[in-house]
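In the two assemblies presented below, subunit A is common to both, partnered first by subunit B and then by subunit C.
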Partner chain A sequence: MNGSPLDRRRFLNTAVLGTATAVVGATALGSVAPEAAFAANRPDGVGGGDLSAPDPNFAEGRITGITGSMLMVAGSDRTLHRIRLTAATSVWKLRPTTLDQAKVGDGLYARGVRMGDGTLAADAVWLNIVNLVVHISSIGRDVIHFDHHGDRVVGHVIAGTTAAVYNDTPAVNDLSLLKVGGHAQVIGAWRPDTNEVDIATVYAAA
Partner chain B sequence: MAPSEIDAPTYTETTWFCCGTAWGPCGGTGRGACGTCNSGSLQCAWPNTSDNCFAITRPDRCGDTAIRRTCGHTFYITSRCNSNRVTVRIADCGPQTDLWCGERTCCSNGLCATNRLMDLTPAAFSRIGSLSAGKLPVRVSSEGF
Partner chain C sequence: MVAWITSLLPAVVGGVLVWAGAFKLAGRRAAAVARRGALPGLVGKDRAVPVYRAVGGVELAVGALLLLPPVAAADAVASTVLCVGFLGFLGYSRAVAPESSCGCLSDKHTPVRWRSFARAAVLAVASGLALLGTAHWVDAVASRPAAAVAVLLGAALVVVALSEDLDGYWLMPLRRLRVRLRHPLGRTAAAGFDVPVASSVQQLLRSPAYLAAGGWVRSDLLDTWDEGEWRILNYAARYGERQATAVFAVPRTRYEPAEVRGALVDEADRSVLWQHAQEPVPA
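For the complex of A and B:
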């Protein structure tokens, strides 16, 4: 199915369901987990192009409007993106979720295929995702304070979601092995316009 | 064998980092050691782009040589989890390998990699895996896939 960019663009053309008259987004049909979205081998798609230039099949920025299954996004470099979600788009916001969790003001990264009309038909959208290498400043019952390059970041522990990975062990809910003064990598969801994140996974040495 | 003579494909962990203009906690990260880094471009950080870079990242403390490769060098990255591929160019110094000596990441297929020698931009990482995974085991080559 994904043998070439052209094949994939044709597939997405048929998969795109959002139109002005009939909008059926990922919310209605369910989204797939991000890992599933990457299960298939896909072309590297870099046939000698300028690797310093922005990847046309990727977008980042903040949501300025939502119309049906279309996200209007202002890129941090002031590029304007229209990102179309399909039934096959995976959506992540702290955990795998659905389009209805997207809010104006959310930051995002999106990967898909740039269509002929300039929209990005998204395979995957990550809302507010951050990946921070930090030092642990203090640990409370439901909150962990981090030092991120000299800036304070407040990490919220979300019951039933937040997990820890110590060395190469499987993810566990037990955060008791985290150490003040130790370093960690935090995958989480930023709370827009704050210095706070909800923690999805924290990687640390035991 | 001297480190400069080693140029075989390497199996390593990779994670992702943001650079350039950005939102949220990434907002102040700048354009990286090479001055060209951009989250939306197919780029990477490498822990031995210069003496000053190596002095910070210290892959040797984890037993890795990580030969000198400078800004603009091309790497060919293949995920060990799904064989997805991406070509990237060095745009920054990193990751800080010695923070994670001995760390190992495995795929559900049982293939693994140890130590962090590669950091990809979100655009590059998302070509081979989900950003929510945080890190992946990959094959890194300078000679092609």
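For the complex of A and C:
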């Protein structure tokens, strides 16, 4: 519907960077103030409802099957989810990627809107994402060993992807300020059924 | 020669046992360690701490017997039995609660792994060999002081190397030193000034443009590419009932959240629904 990907990019570039773009009367569609977006009537039900009930618009578990753009997921509480992905669904697996990177056995978090037929129409899917608070127990070439409450976790450094955030400053590629013995928080992609993760971002003090 | 070395072994085994026993009896957090280990599963929750303390008492007594004269075969037999018993307990821990702490020598949480087994085995073998000793270890040291110090030091090094609880005192400083001399990831610093996408996303999240449009954004980052000095980030959005795309342009190599541009577009009919109006820059 949008022509070639290159054409699409060109269009989006113009939309955001162009100065003479005609804006279709946004105000005709209602208030443009951010409060309006955050107010009630969000389709995901945020902002009201029973807080103790499980969030119907969230799913977590392991992928047990992939049929076209539908993921079958077994939750850790044994709930079975069917998760539908569209072109507007973001898929994260160490980096923004696409559905074809999803594999049976991957862990998954998904957020979206629960449809009438019980499927979750996903807005965003995160595959194998982990968030670990660790100690750095040793540093090698392309690898950082972590101590996670006494368990060993092997963190793989992926050139060009792994970033570090030191003292809340903007993320950088430079990992040379990491210290053995230091605390760190690691966002990464778990390699299923191992104690290894590919590191997306490591937060540490420098 | 063999008899001389084996005469020294009670000092090593006794030293370790006295240390372990003293920790179990007097350690400030020994009770917590007992509850955290595999002992509650073996003897029951209520009895874990008393049993742990009792084991400490036995260790201390056997250690003292080994260290103090006279030399008796019974001392070595007792410590061999004790060390074999530890091996059994480690096997039980490993099988039943692999992530539980050994609680052998310190309160540091150290799951049972091969080094714990190796240390217990070394102590058991040393205890067994101590049976061959003929003299008290103090006399053995006195007869050849330099050699004795070397043997005892070597034995202590083996025990320390096999004690995961003690890594913090020697292994970590060594690794720290190595990393300080030549950081294995040092070349990531030389990789250039490529700005990671994570950095652009951080900048976006702190920008006025995202503050205004974030409420419409439904997805995580969908796609990103660089356009000159800009990095384009786009997200799926919902605007009222309309499916839309939120597209942001973030300065690629500068940190200027105020300059981030944003637009909301409907890709179906290629209309721009909203554009972030930038604050005019004061002249």
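Quick note on the criterion: the second predicted complex is superposed on the first by the 156 of 206 C-alpha atoms of A that agree within 3 Å, B and C clash if a C-alpha of one lies under 4 Å from a C-alpha of the other, contacts with A are read in each partner's own complex, and residues count from 1 in each chain.
Assume a residue touches a chain if its C-beta (ideal position, glycine included) is under 8 Å from a C-beta of that chain, and two chains touch if they have at least 3 such contacts.
Just so you know, these numbers come straight off a predicted model, no measurement behind them.
*Asks:* First (subunit B), second (subunit C), both or neither: which does A:D174 touch?
*Replies:* Touch status of A:D174: second partner only.
*Asks:* Looking at the overlay, what does A:I158 touch: subunit B (first), subunit C (second), both, or neither?
*Replies:* neither
*Asks:* In the superposed arrangement, does A:G140 touch subunit B (first), subunit C (second), both or neither?
*Replies:* So A:G140 only meets subunit C here.
*Asks:* Determine, under the contact definition given at the top, whether A:W92 touches first (subunit B), second (subunit C), both, or neither.
*Replies:* both
*Asks:* For A:T201 in the superposed arrangement: first (subunit B), second (subunit C), both or neither?
*Replies:* In the superposition, A:T201 touches subunit B and subunit C alike.
*Asks:* In the superposed arrangement, does A:D77 touch subunit B (first), subunit C (second), both or neither?
*Replies:* So A:D77 only meets subunit B here.
*Asks:* So in the superposed three-chain picture, is A:M115 touching just subunit B, just subunit C, both, or none of them (first/second/both/neither)?
*Replies:* neither
*Asks:* Once the shared chain is lined up, is A:W126 touching subunit B (first), subunit C (second), both, or neither of them?
*Replies:* both
*Asks:* Of the residues on subunit A, which ones does subunit B touch that subunit C also touches?
*Replies:* 34, 37-38, 90, 92, 124, 126, 149, 151, 200-201
*Asks:* Quick check on the complex: what are the subunit A residues that touch subunit C?
*Replies:* Per the stated touch rule, the residues are 1-2, 8-9, 11-13, 15-17, 21-24, 26, 29-30, 32, 34, 36-38, 43, 88-90, 92, 95-96, 123-124, 126, 137-142, 144, 149-151, 157, 159-163, 165, 170-176, 178-181, 200-201.
*Asks:* Would you tell me which residues of subunit A are touching subunit B in their complex?
*Replies:* 34-35, 37-42, 44-46, 51-55, 58-62, 75-77, 90, 92, 107, 109, 111, 124, 126, 128-133, 148-149, 151, 153, 167-168, 183, 185, 187, 190, 192, 195, 197, 200-201, 203, 205
*Asks:* Given the complex with subunit A, which residues does subunit B contribute to the contact?
*Replies:* Touching subunit A: residues 15-18, 20-26, 28, 36, 38-43, 74, 82-89, 91, 95-96, 99-100, 102-106, 112, 122-124, 126-135, 145 of subunit B.
*Asks:* Along subunit C, where are the residues that touch subunit A in the complex?
*Replies:* On the subunit C side, the touching residues are 99, 101, 109-111, 172, 175-176, 179, 183-186, 188-189, 191-192, 194-199, 202-203, 211-216, 218-225, 227, 230, 232, 234-236, 238-240, 242-243, 245, 247-249, 255, 261-268, 270-275.
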